[in-house]
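You will see two complexes here that share chain A, one where it goes with chain B and one where it goes with chain C.
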Partner chain A sequence: MASLSLEHISKIYDNGFKAVNDFNLDIEDKEFIIFVGPSGCGKSTTLRMIAGLEDISEGTLKIDGKVMNDVEPKDRDIAMVFQNYALYPHMTVFDNMAFALKNKKVPKDEIDKRVNEAAKILGLENLLERKPKALSGGQRQRVAMGRAIVRDPKVFLMDEPLSNLDAKLRVQMRVEINKLHERLGATIIYVTHDQTEAMTLGTRIVVMKEGVIQQIDTPQNLYNKPHNLFVAGFIGSPQMNFIDVTIEEDGEKTYAAAGNTRVLIPEDKAAVLKREGFSGKTVTMGIRPEDLYVEEMYIESTPEDVIEAEVSASELLGAETFLYFTFAGVQLTARVSPNTHVRTGEAIKLALDMSKSHFFNKENELAI
Partner chain B sequence: MQKTTKRKRDHSTLNSTLIRRPIRRHFWIFLLPTFSAFCIGFLYPFLQGIYLSFCNFKTIKKAVFVGFDNYAKALSDSTFLHAFWFTALFTVVTMLLINVLAFLVALALTRGIKGSNVFRTVFFMPNLIGGIVLGYIWSMIFDGILSRYGTSILLDTKLGFWGLVILLLWQQIGYMMIIYISGLQAIPEEYMEAAKIDGATKWQTLWKITIPNMMPSFTICTFLTLTNGFKLYDQNLALTAGRPFVLQSDGSTLKTTEMLALNIVNAFNASGGKNRGVGQAKAVMFFILVAVISIIQLRATRNKEVQQ
Partner chain C sequence: MAKESKKYRSKGFSADRKQKNALTGFFTAISIIYLLPIAIVIMNSFKANGAVSTKTFAWPTADTFVGWANYIKGMTFGNYPFMKSVFFSFVITVLSVALILLCTSMAAWYISRVGSKLSNLVYYLCVFSMVVPFQMVMYTLSRTADRLKLNTPWTIPIVYLGFGAGLAVFMFAGFIRSIPLEIEEAAAIDGCGPLGTFFKVVLPMLKPTLISVGVLEIMWVWNDYLLPYLVLDTNTYMTIPIHIQYLQGSYGHTDMGATMALITLSIIPVIVFYLSCQKYIIKGVAAGAVKG
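== the complex of A and B ==
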């Protein structure tokens, strides 16, 4: 297995469009790295540059310390799983998996051994003689994985490998990929636009937007300490609530005011806001739906962090309920217990857990 | 799967049972115009043609049934057998050359080279010219060149053969190229990328990925070139009309570059129409031959096609 380093990598197309801009990342052996972002953010392009399917316009790509910029894909010792699997339709499952080994002139019994081994891991033993069209979506996906595994590559590259599966199968394959990562001890780079996949699979996540890295961090940190407004909004579902508030000082205390309501900001956060000179200024406050409470207990214990709002809709999802309401002109969401019974149009009180609040500079959208 | 559901949805209003039922009951009204045209223009003459091949006739009203006489005469006609072998050889040569060259041109013109579209159009253009015109144009070109060497396309069977080959290549490569180009473009780019990562060389990718996925195009193109080769008539008439002629020991004339279709027409019109029945018998055998060969060819290549 291997380590990778991407130094100042950029992709500039002939028409001048910059798909990837100054991408820097060091990947250690056995890491499971996720590239995540909305479509067109350059995540697939970056992956394809690592694979050698796209030229690197600027910067250096190293695998195990060796510069790979101008090395042919086949000599980079990588394997790739494509979104549509790209199984060769005229070959059997066995031949699909053996194709790379045959090209490398691996002896026949060695090929048999490796394909059978991979088939066993993936539960494909009985399907080896079938053609791809006779397989289900999940089986095809496994064959695509198998094709990568038999090569025993330094790095696995996966380009949205689960996006063509139905929801149930996707969850199942997600678990299997996680197991596979542990079993093979492989370095994996995985592209997805699905933040659930990103959070559950990655040891580290690279969040991208418009070709620029927004944040590289562990799933936990990404969720709890987003660097900017984009990351805060992108990670987490339903997404974080954002309200424009004015920072007001009142004696010793600091409040975030919106409309004619104000909530108390905890001292540690208030100190940072004051130090950075945001007193009296407008900032964007972010708070996750699960940090809003409707229970009486919370409302009574933190009377200074309570807002009043009218419920515009509620969705019962079984294990939880989403409340949608408008406050200070913005639509907000709260994730509450399913036992909460509120009617649409009803005015309710909500307690904000301000220790979990985030503040962002309105101008550069960075976290304060 | 997806396609059918989509189709159903698109026509759900138009295709409702309420509208469909009366249409189904009166389907023959809708069928009638084309079907009657098919019967009058094709089926009746075809069946009558088969009957006439067993007759001695000058006009179809004065046909006398003679059994297999005409077939016996046709098969003992050395010019017919010569035309058959000449046509068979010609078809094999043109089928191979046209398909190989058209495929190579298609490969070259799908590489994103500048001006690809201009080349595609130019290569296709010979198809817009009729066979007779082509024949006369090329006979001028050939003779213009050959006259420098003191010969003519009409003086040498070999020259005539290759002249016809060049003529047909020039006309048909562009057409087959279009089919191959669309076939190439239908192969998902991902297969090529997967092959690249799987370490296949360009040559291996061509043989193991591209060509197996192009089988539907090969099927249709070999079918077209095969039947086109066998049925070639107007180019043959315009370029050589069967010349050079050789006088045979039995006193008959052998037209050495005469192909099957031309031989049939000539037989039909020879001696003031005395041998129409023989020409007709040749035509029926010709039909069976082309049909059998193309069915065998379709079976053979269809088996190699894959579904994606």
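== the complex of A and C ==
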């Protein structure tokens, strides 16, 4: 296993399009790194540059301290799992898994041993003689994993490996991959646009947008301390609520005002806003759906953090209910208990847990 | 109610069957029309020379039936051994088709994967070459082939490669474009260079197209008369079609019985080959047509 370092990596296509811009990342041994972002954000391109399937236009890629920019994919000691699995259709499962080892001229009994070992880990023992076309989607996915495992590579690269599976199988395989990471102690770089996969699998997550890294952090920090508006909106489902508010000072207290309503900002957050000179200015306030409460208890205990709004829709999902309502001209969402009975069109009171609120500069969209 | 629906259904079923029967009859008739010439050739190959031209469509009778005589005569006629022609036909066909399959599959792979302006141009040139009639280039070609010493059975496959490339590149490229690129990328990561990727991964996947292109080219090269006639030195090298032509003696005298016998002999290998590969042909022709 190995460490990776990506220094000022850029990908510029012939037509001048910059798919990846100044990508810097140090990956330590045994880390599970997730690249996440919307379609076209350059996450797959970055992965393909690490694999050697795309040329690196600028910057340096090092694996275990060795510069890899001009090294052929086969000599980088990496393994890759593709979104569509890319199994060799004319070979059996065994041959698919043994292919790389045969190319490396590994002795036959060693190949047998390693393939059988990997097949055992993945539960493929009975399928070794089958061709890929005789396998289900989940089985093909596992063969693709197996093909990577038998190589015992320095780095595993996975390009949306679960996105072709149905929802149930995806959850199952997600757990399997997590186990696999622990069992193999492997360095894994994993590309996905599914934030649930990102949050559950990654030791660190790299959030990208338009080729630029937005934030590199642990799942917890990404969720609780997003660096900017994009990360705050991208991580979390349903996404964070954003309201434009004006920071108003009233004696000792600081309020966030929108329309006729104002809510009290906790002292520590207020101090930062004041220090940075946002008093009297408009900023974007973010608050996650689960930090809005409809229960009487919360409303009574924090009477200064209450807003009133009319419910435009409610969705019962079994374990929770989403309430949609419009406040100060924007659509907001609250995640509340399924026992809450609210009718569409009804005006309700909601308490905001302002200790969990976020404030963003409207100009550069960075967190304050 | 139930009775009514049953009635309705049986009516629909019988209409369906009628239509099926009509179609079966129609296609049987077409098949017979297609097969008739071959049947007539085989039938006439057992008739005496005179009867071939006078009673072409009649069954052999006790008077006209000559057994294997036409075959023996055809194979021993003249001073050029028939088996030698068979040998050269075989050599030319095998070498040409092997060369076409190897070179055009590689070329099509390159053209499909590189996607540069130049490779696109090459592709369209190949496609365009399919519409150029042989008669348009045959005189200049036979001169060029002579100059370049391509006038032996061992070198004429290069000329065939040029003529066969259009269709073959077109068919291969169509199929290769339907193969996901990731499979080749996986091969690159698994330790294959370009050659390894082609021979270990791409070529085996091309099998259905290889067979269908192979069959088409074999039928064409095996039966081709004009190109070897113009290019080869026919005193030294004859192919089966040329040999059959030589049964036509001087002063326009032709031994029709022997000719029919040799034609029968020459079509047997192709028919056997075609029938044994038929299921792959249909698969291959459809394979490149649409994106899988």
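Note that the second predicted complex is superposed on the first by the 368 of 368 C-alpha atoms of A that agree within 3 Å, B and C clash if a C-alpha of one lies under 4 Å from a C-alpha of the other, contacts with A are read in each partner's own complex, and residues count from 1 in each chain.
Criterion: a residue touches a chain if its C-beta (ideal position, glycine included) is under 8 Å from a C-beta of that chain, and two chains touch if they have at least 3 such contacts.
Keep in mind the model is a prediction, meaning the values are calculated, not measured.
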Legend entry - Three-chain arrangement built on chain A, chain B and chain C clash or fit: clash
Inset, instruction - For A:Lys131, select first, second, both or neither according to whether it touches chain B, chain C, the two together, or no partner. - result: first
Inset, instruction - Kindly classify A:Lys74 by the partners it touches after superposition: chain B alone (first), chain C alone (second), both, or neither? - result: both
Inset, instruction - Mind working out whether A:Lys30 is in touch with chain B, chain C, both or neither, as first, second, both or neither? - result: neither
Inset, instruction - Go through the superposed model and pick first if A:Lys18 touches only chain B, second if only chain C, both, or neither. - result: neither
Inset, instruction - Could you say whether A:Lys356 touches chain B, chain C, both of them, or neither, answering first, second, both or neither? - result: neither
Inset, instruction - Answer with first, second, both or neither: which of chain B and chain C does A:Ala100 touch in the superposed model? - result: both
Inset, instruction - Go through chain A and flag every residue that touches chain B in one model and chain C in the other. - result: 51-53, 72-74, 78-80, 82, 84, 86, 88-90, 99-100, 103-104, 147
Inset, instruction - Name, in rising order, each residue of chain C that touches chain A in their complex. - result: 180, 182-183, 185-193, 196, 200-201, 204-205, 207
Inset, instruction - Using the touch rule from the top, collect the residues of chain B that touch chain A in their complex. - result: 188, 190-191, 193-201, 204, 208-209, 212-213, 306-308
Legend entry - Touch list for chain A against partner chain C, complex: 51-53, 72-74, 78-80, 82-84, 86-90, 99-100, 103-104, 147, 151
Legend entry - In the complex with chain B, residue positions of chain A that touch it: 51-53, 72-74, 78-80, 82, 84, 86, 88-90, 99-100, 103-104, 131, 133, 147
